[in-house]
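What follows is a pair of complexes built around chain A, which joins chain B in one and chain C in the other.
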Partner chain A sequence: MDIEADLVVIGAGMAGLVAGTIAAEAGLNTVLLRKGQSATAYSSGAIDVIGYVPEASEAFASPEEGLFILSRLYPLHPYSIIGYDDRIETEKIVDTIIERARETVSWLKTHLDGTLAPLDGEFDSNIHPITILGTTKPTCLIQKTMNSGNLTDREDSVLLFVGISGYADFNPSAAAQTYLEDRMSTGSSPRKVAHCVVQVMPFGKSYNLSSIELARHLDHEGSIESIAEQLKEHIEQVGATHVAFPPILGIQNALRNKTKLEEMTGTTVFELLGFPPSIPGQRLQKSLETIFVKSGGKLLLGHEATSYQREGDVLKSIIATTPRRQIKIDAKAFLLATGKYIGGGISGDENGLKETVFGLMPVTGDYHSATDIVPSRSTSTLSISPMGQPIQSCGLSVDPEFRPVTEVGTEWVVNLFAAGAVLAGYNYSIEKSGLGVAATSGYNAAKNIVALIKEVP
Partner chain B sequence: MDENEAYEYVKSTLKKEKITPYHSDELEIVKSIGSCINCGLCINHCPVVASVGLDRFSGPRSIAVELSRSPPEFWATADKIYLCTGCGTCRDVCPKNVNIPEIVNVVRANIFEHRPDLVPKGLMLLKEIVEEHKRAFEPWEDPEEKKESRDMRLERLDLPLIPDIVKKGADVLFYPGCQAEELAQEVREAAKVILDYFDVDFTLLEEFSCCSLPSHLMGDAKNARNLAKQMKKKVKDLGVKKVITTCAGCTSNLADMSERDEWGVPAYHLLEYLAEEIGFERIADALKDSGGESQVHVSVHDPCHLIRHTSRQVMDHALNILRSMPGVRVSESIAHDSCCGGGGMVSYHSTDVANAVTKENMQALQKTGAERVVTPCPLCTAQLESNLFKSGSSIEVDDLTVFIAQRLPKKE
Partner chain C sequence: MTTSEFDVVVIGGGSTGTAVARDCAMRGYRTLLLERDDIASATVGTCAGMISSGLKYRDEPDIMAMCSKEVVYWNRIARHIIMKNPILAPLLDLSDAASDSSYMDSYSEHVGEREVPPMMFLTPDDSLELEPMLHPDIIASVYYEEYFIDPFRLCLLQALDARNHGAVIRTYCEVIDFEVNDNDEIEGVVFYNRVSGATEDVKTKVVVNAAGPWAHKVAKSADDKLPIRLNKGAHVIFDRRIVNVGLTVKAIDGRWIYLFPHENTTLLGTTALDTWEDPDTLVASFDEIEYLLQSMETVLPSIREARIIRTMTGVRPLVPEWKVPEGKVTRGYEIVDHSEKQGKKGLISFLGGKLVTCRHMAEAVTDLVGKKLGKEVACTTHEKPLPGNEVDVDIIALSKEYGISLHALERMRARRGTEMVKVLEHTKEHPEWKTTICTCEPIIEAEIRVAIREEFPQTLNDIRRRIRLGTGPCQGTFCTYKAAAILAEELDLSGDDFLVDILDFRAERWKGIRQSMRGEQLAQEELAQGMYACVGNLDQSDVDYDLKPWEEGC
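And then the complex of A and B:
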């Protein structure tokens, strides 16, 4: 059952799939292992690049502004290390960082066009989409289904939050209230917000509904018309110009459903950002897998990297394990994109943290070894604080080429790279940078891998 | 009362309290449940939830966090736990490797032991058959009729008859599984044609018996362990080096037993054997003149027991072989790896649920425009065939083993 490849990517989240696709498009024979789904599949399906720096209360106006400040304050941040490379002149460091992130964003937009998760948004400005709690968050790219059009630009816009009877994950009245309070405090539009409940009955029931049942139901022909019919009265009553749905507008047909609803009601319809595991997250995961396979990569679902063989400073092969088989995969380069605590790339117990595949040394956000650090020391007693939970910043330390380094600061082997949440030095939950770091580090690691393999005869 | 006496006393009360201690090989499964983070990602991917909704089948997360934790006798779970088709999709997407498909069997085993009144009747009937005949189907009353049925199938498919061989010390034991032994005899014969063509030194069992998967899946642990024991003895007595089967379920179950019961003899699907031992070059060479003028447009169905319980690699082998067949065009269905509905013994008692799961496959197959669907599992073949036929579809279904055997040149 043994396989030979140019590149083995371990982990199929945003970082692994972006890197795998780039490598496969560059002609590398790429095998990607996925033991289970990733944090990408859990995500809201919007792609944040950078929203805040730690302790800041004001969000960045654009990823460009954020990266400019971040790269000066935090030179070891996964975004920053792209620029802090000996081969790059000092005055070009910041430009390089911004340029690479910009390239990644436009790469994602182009590649996800025509998939289940086509994207809207620009690198030059952060968008503030609304969540199902009625709050907003800064992000760079949203799925087209989440585009609320001119909601905040219009003076006279009226927003209607639509709940679904029997669907407990979204409370339209609470969301409307939270959103309205936020609008009033800033004095911005929309100034009028309303809420209503419609009935959707997958499998003929209107109780105990889950988002997947609703999304699948809305994929069926004819289901959207019944919603539009129910909505008309509510829209008329409050004069709604915009209509917000929980993120359940469909899996295959979400965008078509949005357009259809807009045509039938004469409003702008959009999805809110939801809790994990959200349907847009599922669409994003599926889309990334699709573009990887289309680019010629080989996706091995249900395979976990369990051991490896190393000779000197070169990693030779890894063993992939399934419930009943083991496969040895030889490759010229390897990418570790196993994620952090959700993905399982880093795990911890009462004694400290460890990296799960190769036993590499994880570090804390301050770049001290985290191997013997009691995890409780990296957590804050305040569950929500501007500093977040420091344990989220633990991970692997890498060189400017994205190769994990050992205690002495040199790379562990020459052909192992790392990308995504397994990296140390950033805290996605307070920075709002999760998928952006994953994509950008995956993008850059892949470029380095392609260069490495092409130069070796 | 000293410690040993106390231990013995508690042990003696277990039966009364309806507690069955876990087997040591079940402990890993039970422990994996503790890793569940209750996220619900699995619900979004479960084919049974997709087909019948959460109200009818509460989904894999509910199995992990609720149903698996309602001992002693798990009686409250019986209306849900039997609806899992055991496809393994939940474990496939789970970031924490929670072994939900196997915990289902552990729960079913507890119900079976302590509350047999709650076991679906269809499964109890099957249990009687397995107990009496050591196989999952009632054997033919008249062996001559069985032969006639076999010969008719061979004639229709234009396959030669390779005589059965039973001998000690062969390289390989070919194990057809109950479906191919009793019903889909053409699969059993086709495998022999392939093995014979490539001069594989093989034997059959002297007396066929079930691999134990159906008993395991319905929770009949006693018969499952009995059959597994018999199988080990038979394999060891024959002195073979490998076991090959054409059934996806048997592949994963035999591989499991081989490891658990320390056979020292690995078990593979025929496709794995062809890829590893015969090699694609030899296969492609053998198939190079098979096409003739005719073109056939096929789609492939991936059996769960191969892709999720064994390895996705197996279906790559299948595609490689299909691609080396002249005149065969393959179109992928978007539901190629979605459960056919035939798993987990669901069709024995809740046909409506099993068939609802199959529907997803049928709609996707229609969209491919393929005239034929091939799959390396006689059970998937049967499930897809009966549903396609009932829906009036013109798509035909072939077991992949038969499809390959038909395209091999006749041996001199």
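And then the complex of A and C:
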């Protein structure tokens, strides 16, 4: 079977879906291949833009401030690349980077409005939501279910952490203790923090509860009321003004559940940022897929790009494979948004790294070839530190149009682009920049693709 | 502590030290065991757990006989933590077989008492039936069987049994000095409590130095000497049991190396390098990993397709023989009575030895301790079972009674034997404690809580040694924070300590993951970074994290 398209996007995480939607909205016939679960679905569901520069210890007050500094220190960072455009004067580069990132953020907010993952937050300030460990992290956009309202603004706020008996992914007592110490060390509110446990028994089971079981259970009519009932006593006991839940308030009805709980308890209810398996990550994933399909894009599930046909400096087609069939897809342009190690865009053995679809040359964070690096030598002896693990900065090097380049520095073909975690030059875990880079690079790569295709007769 | 005077102080909580403490306590001596880190945290915690028939040491028939007899005792006192592995030594050409055939006779001499078949040759077809992944060109293989014990659990059970018999077990207590009178007689031991930061001292006339690769340092702190030969050994660990049977093969340099299914994993080992480094800083090198992989590849060509999850490295405290390779150094042990060498009176040190002989070593040294104390009592350590070994456990009945999966119960049984019922009883009052915390092993919450309450762990690493927390394919990615929260609850820790526990455990896991990073572990590490750094923001945490010995200088 053969298909023809204007654009084939390989990979259905944040980068691929944003790019695919932009392209489809611009009128391109867009086909998107999704192999399996993307790293986006594993994410906390909050959208970081930029929290820190590597090795810094002070978080940026806003993405704007962060990008201003980052683009000067790291001219090859994927964020910096969006400012390189022949049409832009040198002194306008930084402004362009900030503007284009701002545009992406507002695009996301607008497009995800009305989906399962509507967003709060502004490009002009980083916010510091609480995690399931009781720590906080800087991020730009959170899902509305994570909005803690005036928790830190109110002098008299009292926060109650709510755990669920038999659900090990969140321990309210450890989180409460950690968060309280954090508040006390900075002398800020809330000054009173408590914790409690409620019973939720999907299928009558009182142990080994998973996030997905709980979220599906809470999607059902009537299930949230029993939690509200149990909570009232605990809320009264400590005078809680705010109530923090692990991120399991529902897949379909999370926001409605938050509102309902708030009405029934008279408090502000919000979800914490959590670890995989992540319900907010899945809400975000589903929402992005929905807007892509709504914009007219074709989403092929379970399809993996397994080979390609190239003529000279043009990529002609790719073969998409499922266990049952193979499809040849001819297209005018291609976007590689396959992610890094989790996504499967980059893989490696003891002798070096490789890009998995086209065999392109990955580079290190310092832009040296990574085809024959020993992975362990691209690591720090410290497991978790502001230095991060350098191996996580490996990926593809791209030109200002976001086209992967070969070892001589020119693009591999004129019509292959790349976006998201498959790119080199940034370590999202320490920068707190993952979904922001994915969205922004996807957004800008797609604009370049649209321009390329529209100029071809 | 209720008393500050002991008949004997044992230094070191490895296999030998815990065996000595158990023996001394069972003979009624007032016993204190001091361990600088945790039980089984060094040499024994990095071994394959083989309680060997002594096959490798056939030049020493006495040792072989001793090993065989000890295996019989282990099966008597600790069978619940013992597994038997069939082993193949595949032969690729005749020279592999012809070099020396005496090993078959020496091995087979003792098989009756160990209840294993004599060593035999298998045809290529029979070999491939047992292990289909073998190289198709093998011309034959040698078949034999060896017993394996959970080395962590063995040491812990010995320590717990010692405690049951009145011994005091103190972990995180490092001996720094001795009190010695003008007559060169030891009168007491001074040690540093690494948890409280205090210096403590106790009175004793007899000290057994079972500090393994630190034995010479302990002797030095008594102004005494103990020549020793330290030898580094590294293992590569796979994510599951990748072979049906154990395999042994000659490496590029002619040494024997092995691949053993071990608990839920497979161990490939070992290397042997003389070392003078601080044992705490050692990690496996690229060369060691390749040495092992390439050597095993000769008989198991697909080994690189298997998922490597980490490496581990330990140090053998050998008898100080010079001018011979590690494999030729005696695997017998020496008991050094320092008073007989113009050293301190009352100080006794161990050199050499093997896991399988640790009970024997303890018996010998405790005889000597008894002589010195003037209170000779007969040894019973080979007769009385270790805790949990009393009767067989009916897993199927327990699964029905408590509603917990057979798989989880079987893993628990392999650690606790009959004692597992104590864990399960908690789930009657707390059904939510049936929740699986470590899904790789698997381990339920009740066992973590019981381990914390009754087996004196201070850190997540200590819990790992007790119940194999975080030792599977994900290397604690998913259980670190869950178990840390339980530890924080049980020990009433501060929020900072909760985060430090997470960072400490990630650091220790990373120590072994890092060296062999490849394939799936790249994605696994991206996930771990994504959780603990990106979401948890722990890379920016300002908690009081102490650099580990292997991290210093970075």
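FYI, the second predicted complex is superposed on the first by the 457 of 457 C-alpha atoms of A that agree within 3 Å, B and C clash if a C-alpha of one lies under 4 Å from a C-alpha of the other, contacts with A are read in each partner's own complex, and residues count from 1 in each chain.
Going forward, a residue touches a chain if its C-beta (ideal position, glycine included) is under 8 Å from a C-beta of that chain, and two chains touch if they have at least 3 such contacts.
All values reported here derive from a predicted model rather than from experimental measurement.
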Clash-or-fit label for the pair chain B, chain C on chain A: clash
Partner chain(s) touched by A:I327 [first = chain B, second = chain C, both, neither]: first
First, second, both or neither for A:G302, with chain B first and chain C second: first
Partner chain in contact with A:T186 - chain B first, chain C second, else both or neither: neither
Chain B versus chain C as contact partner of A:T90, first or second or both or neither: neither
Partner chain in contact with A:P202 - chain B first, chain C second, else both or neither: first
Touching partner for A:Y42 - first (chain B), second (chain C), both, neither: both
Partner chain in contact with A:I212 - chain B first, chain C second, else both or neither: first
Greater residue coverage of chain A in the superposed arrangement, chain B or chain C: C
First, second, both or neither for A:P276, with chain B first and chain C second: both
Where chain A meets both chain C and chain B, residue numbers: 39, 42, 208-209, 276, 342, 344
Interfacial residue positions of chain A with respect to chain B in the complex: 1, 3, 35-39, 41-42, 202-203, 205, 208-213, 216, 276-277, 279, 282, 298, 300-304, 322-325, 327, 339, 342-344
Parts of chain A lying in touch with chain C, wherever the complex brings them together: 39, 42-44, 48, 52, 57, 59, 131-138, 165-169, 171, 173-175, 177-182, 206-209, 273-276, 340-342, 344, 346-350, 374-376, 379-386, 388-389, 391-392, 428-430, 432, 434
Complex contact set, residues of chain B against chain A: 37, 39-41, 43-44, 49-50, 52-56, 88, 91-97, 252, 255-256, 259, 272, 276, 307-313, 316
Interfacial residue positions of chain C with respect to chain A in the complex: 286, 289-290, 304, 431-437, 445, 478, 481-482, 484-486, 488-489, 493-496, 498-499, 502-503, 506-507, 509-510, 514-519, 522-523, 525-527, 529-541, 550-551, 554
